[in-house]
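Following this message is one structure expressed as structure tokens.
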Amino acid sequence: MTKPIISIRNVTKRYPGVVAVDDVSFDIMPNEFFALLGPSGCGKTTLLRMIAGLETSGTGDIIVDGHNMEGVPANTRPVNMVFQSYAVFPHMTVRDNVAYGLKVTGVAPADIAPRVEDALEMVQMSAMADRKPDQLSGGQRQRVALARALVKRPKVLLLDEPLSALDAKLREHMQLELARLQQVIGITFIIVTHDQDEALSMADRIAVMEKGGVRQIAGPEELYEKPHSRFVADFIGKINLIDATVSGVSKAGVTCVANGLGTVIVPHDGAASGSISLAVRPEKLTLSAEAPPPGSGISAKGVIRDVAYYGDVSNVFVTCDDGLELAVNVQNDRAAAGLLENGREAYASWHPSDTLILQE
Amino acid sequence: MARRTSIRGPLDYGKSPWLILFGFVTFIVLYAPIAQLIVFSFNDSKRNIVWRGFTTKYYAKAWNDASLVEAFTNSITIAVMCTVIATIIGTATALWLWRFRFPAKAAVEGIMALPIVIPEICMGVAVLVLYSRVGHWMRGFESGPIYWWNELFSIWPLNLGAITAAHIAFSFPFVAIVVRARLIGFNRELEEASKDLGASEWQTFWNVVLPFMMPGVVAGALLSFTLSLDDFVITFFTAGPETNTFPVKVYSLVRRGVSPDINAASTVLIVITLVATIIAMRMQAPSKSEG
Amino acid sequence: MESWKQNKVVFWVTALPGVVWLLLFFLIPLALIWGMSVGEKTSIIDIEITGTLDNYVRSFQAVYLKIIWKSIWISIVSTAVCLAIAYPIAFGICFSPARWRPFLLLLVILPFWINLLIRTYALIAVFRTRGTLNFTLEWLWNLAFLDRLVGPFQPLELLYNNGAVIVGMVYVFMPFMVLPLYATIERLDRSYLEASLDLGASQWRTFFSVTVPLTMPGIVSGIILVFIPMLGMFLVPDLLGGTNAIMIGNVITDQFKAANDWPFGAALSFLLMYVTFAALALRAFVSARIKGAVGV
């Protein structure tokens, strides 16, 4: 079994009046692309900065490659960071920026130049080595920041919202680029982001954080398909959450009375009791003009309230009995053509096995 | 687990004990001489070193010194006249530079900043030369309008006009800077909205622009008041025997040595300037949050 | 901003007061002494502008050259000491808790609003032979029984020398240095410092490789802001310097107040003006270069 490259053990960080990081523990494996995902203020950046040694140490242990980082100052930790603002030194050329980290740690001058060239090559910035940062675009500055951190050959690369300052198109490109770089270099990346698409598309594993705590750690698919909580389900993608009360548990699944749906049976492995939420992704729902044949799944009759057109798909909002609102993703094919009209009656239906039961 | 080795983060320089100590010592060195000056103005001893009990007799003594009181009155009069005129001119200049685009504007801005940057002594001797030239030329008239003009300007407070004019020349650029800084935060659409609603140029200025820039104008006014009150060098070169100001008077006394009545008079001046300064800063503070 | 042609009445109403005043009471006087600086005395009161450079040439006589040189080195030393004190102060204020900052800044600036003359006078009371400092030293001397071991305390002659002038200059101008430094350090993006530390630089290395270069515009502004008035300072050397510590400001004053050689005084004050212009040009040059580099 491989040893984790980073172990976070019961790390807590308090600011006056607020707990930024609340008793967090997890391991990150070597060569992993790990994402800390959560809304702003959830403590993800604080945690990243604690790993870097830039934040006052709280309580708990941060172990990097077997060494406890307690009391180790930022400048001697075997991790490097790409800052949200990139923090590319404006008074130095691209080359000097990349060489800085080697120069200040006493790397022999003869070794610096080839390493800098390699790093610039890796991020395709060799041609701009003599430029000053103010002559670079945002994306180019980010490449410099990447090269500057990677040239140090850190055990772990930390990236603080690295793509948030880029426009949408460039962001998509850089997502692929980062994933490629991580593959090539083969070191651990920890990325902090509030953008779920970014985390889902790049990371091997994602820790979803809320209010200083980690809510779930899983791979992208598991996180999307099997969220553990309402928060995670709601934060990762769009989802319909339906209040329900459990009335019985059997081999067939959980029997419950759901708001607007009546009594339904949902296949479920674990235990369930009391009030729960039924969760189903909008793309699992189908919309039809006729009532689906009985026994073919869960369905609800309602009125189309709003249709948001996105080209290939439309997001349709259906209001059902008891004020239940369902969002349905409809492929804009021929079948949908006549159906999507405000005020029209329609049936939203889905397979019971696409339904998740969320206890909290 | 649950250890806490360093309370300071890597950039918590504000918590560095050395920096705090350094700051503390600097502030003490900065304030100790002034504090001593104020304390000893109440000291019942001529020698000014050992505390011999509280007294206000030096304030009474300073108050009874006619030439000191006259110099003080002159200083305040000049400061008030300077404040009124410098505020008007400075505000007009600020509006001018803020509102209009015109040829050689950068050069004009540079020249406007000159009175602030050049050594005071250069301006002092320049004004001295100007007044001696003008005086020399005017003395040639035994009667006629220029003679009467001359006579008029020997009456108080118009005899302080020469000093005041020089004070205005170096303080109105400061007013202009303060007011213009305030105007940068002004949303010009407010002005356009006012004109769109039918207000004239003057009504718009009076009802929309002026209320917005008022804190800057008041701060600028108080600034010019303290600048005028504090000025020694320029007054030193332009003051005549009849038109001593307080700093010039203190200068002549200081050259003779340290005495408690200078402490008393200085304390009064310190209190006046500090009150004006603190009010000015209060006036300027909210402009930042609004902008 | 609108073109001046759009509203000529408002343009002239706002333009004229300042322009006329500056012309009458600043630019014309400056032109007068500039003219005088290339003029000659023809009698006690008459001066003829002849275009001579004699007055400037006279400034470079050994006796005046020595005073100019002394003014320059005293100003350089005082400026350096100001910078050495003001930088940590400005730095400390920038990194202190946000609610303390306005108060600390006010504390630094406040002495600056107190009359220069009064502050200089306050220093005399501290440093004179029978002043507070000597008195305190004597008390410490006696406390340590040095009066019985070594002999009675000999008061130090702290005033009326170059050292006193430097102390006075630093005391008077230090607050002025803090302001531009504070303004630039405050704007400095902290992530540059964090990036430097993250890349392995020590705190001191970060300070000299990142903080100082990035705050260079503030440093240059501060230096010029205090160096120019120091160079022309007349009051501090006059009151603290005694007879042997006169600076160029005192020579100028003498020409106008006592020696009555106005053309020579005018030439000396225009030498100061030339230095000022050179310093301003230097600042414009440096800040343009740094602006390009820092991208502010």
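Miscellaneous remarks
Should a chain be cited, it is by its letter among A, B and C, assigned in written order, with residues numbered from 1 in that chain.
Rule of thumb we're sticking to: a contact is a pair of C-beta atoms (placed from the backbone, for glycine too) under 8 Å apart; a residue touches a chain by one contact, two chains touch by 3 or more.
Model, not experiment: these values are computed from the prediction.
Each chain gets a centre from the mean of its Cα atoms; the one farthest from the centre of subunit C is A. Contact tally for A-B versus B-C: the pair with more C-beta pairs in contact is B-C.
Between the CA-based centres of subunit A and subunit C the separation comes to 56 Å, rounded to the whole angstrom.
With each centre defined as the average position of its C-alpha atoms, the distance from subunit A to subunit B rounds to 58 Å.
Centre-to-centre separation of subunit B and subunit C, using mean CA positions: 18 Å.
Residues of subunit B in contact with at least two other chains: 10-12. Each of the following residues of subunit C touches two or more other chains: 194, 197, 203. Residues of subunit A in contact with two or more other chains: 53-54, 73-74.
For subunit A in complex with subunit C, the residues that touch the partner chain are 52-54, 73-76, 79-81, 83-85, 87, 89-91, 100-101, 104-105, 132-134, 145, 148-149, 152.
Residues 10-14, 16, 19-20, 22-23, 26-27, 29-34, 36-37, 40, 47-49, 88-90, 92-93, 95-96, 98-102, 108, 111-112, 114-115, 117-123, 125-130, 133, 136, 165-166, 168-170, 172-173, 176, 201, 226, 229-230, 232-233, 237, 247, 250-251, 254-255, 258, 262, 266, 269-270, 273-274, 277-278, 281, 285 of subunit B touch subunit C in their complex.
Subunit A makes touch with subunit B in their complex at residues 9-10, 53-61, 70-71, 73-74.
By the touch criterion given at the top, residues 189, 191-192, 194-203, 205, 209-210, 213-214, 290, 292-295 of subunit C touch subunit A in their complex. For subunit B in complex with subunit A, the residues that touch the partner chain are 1-12.
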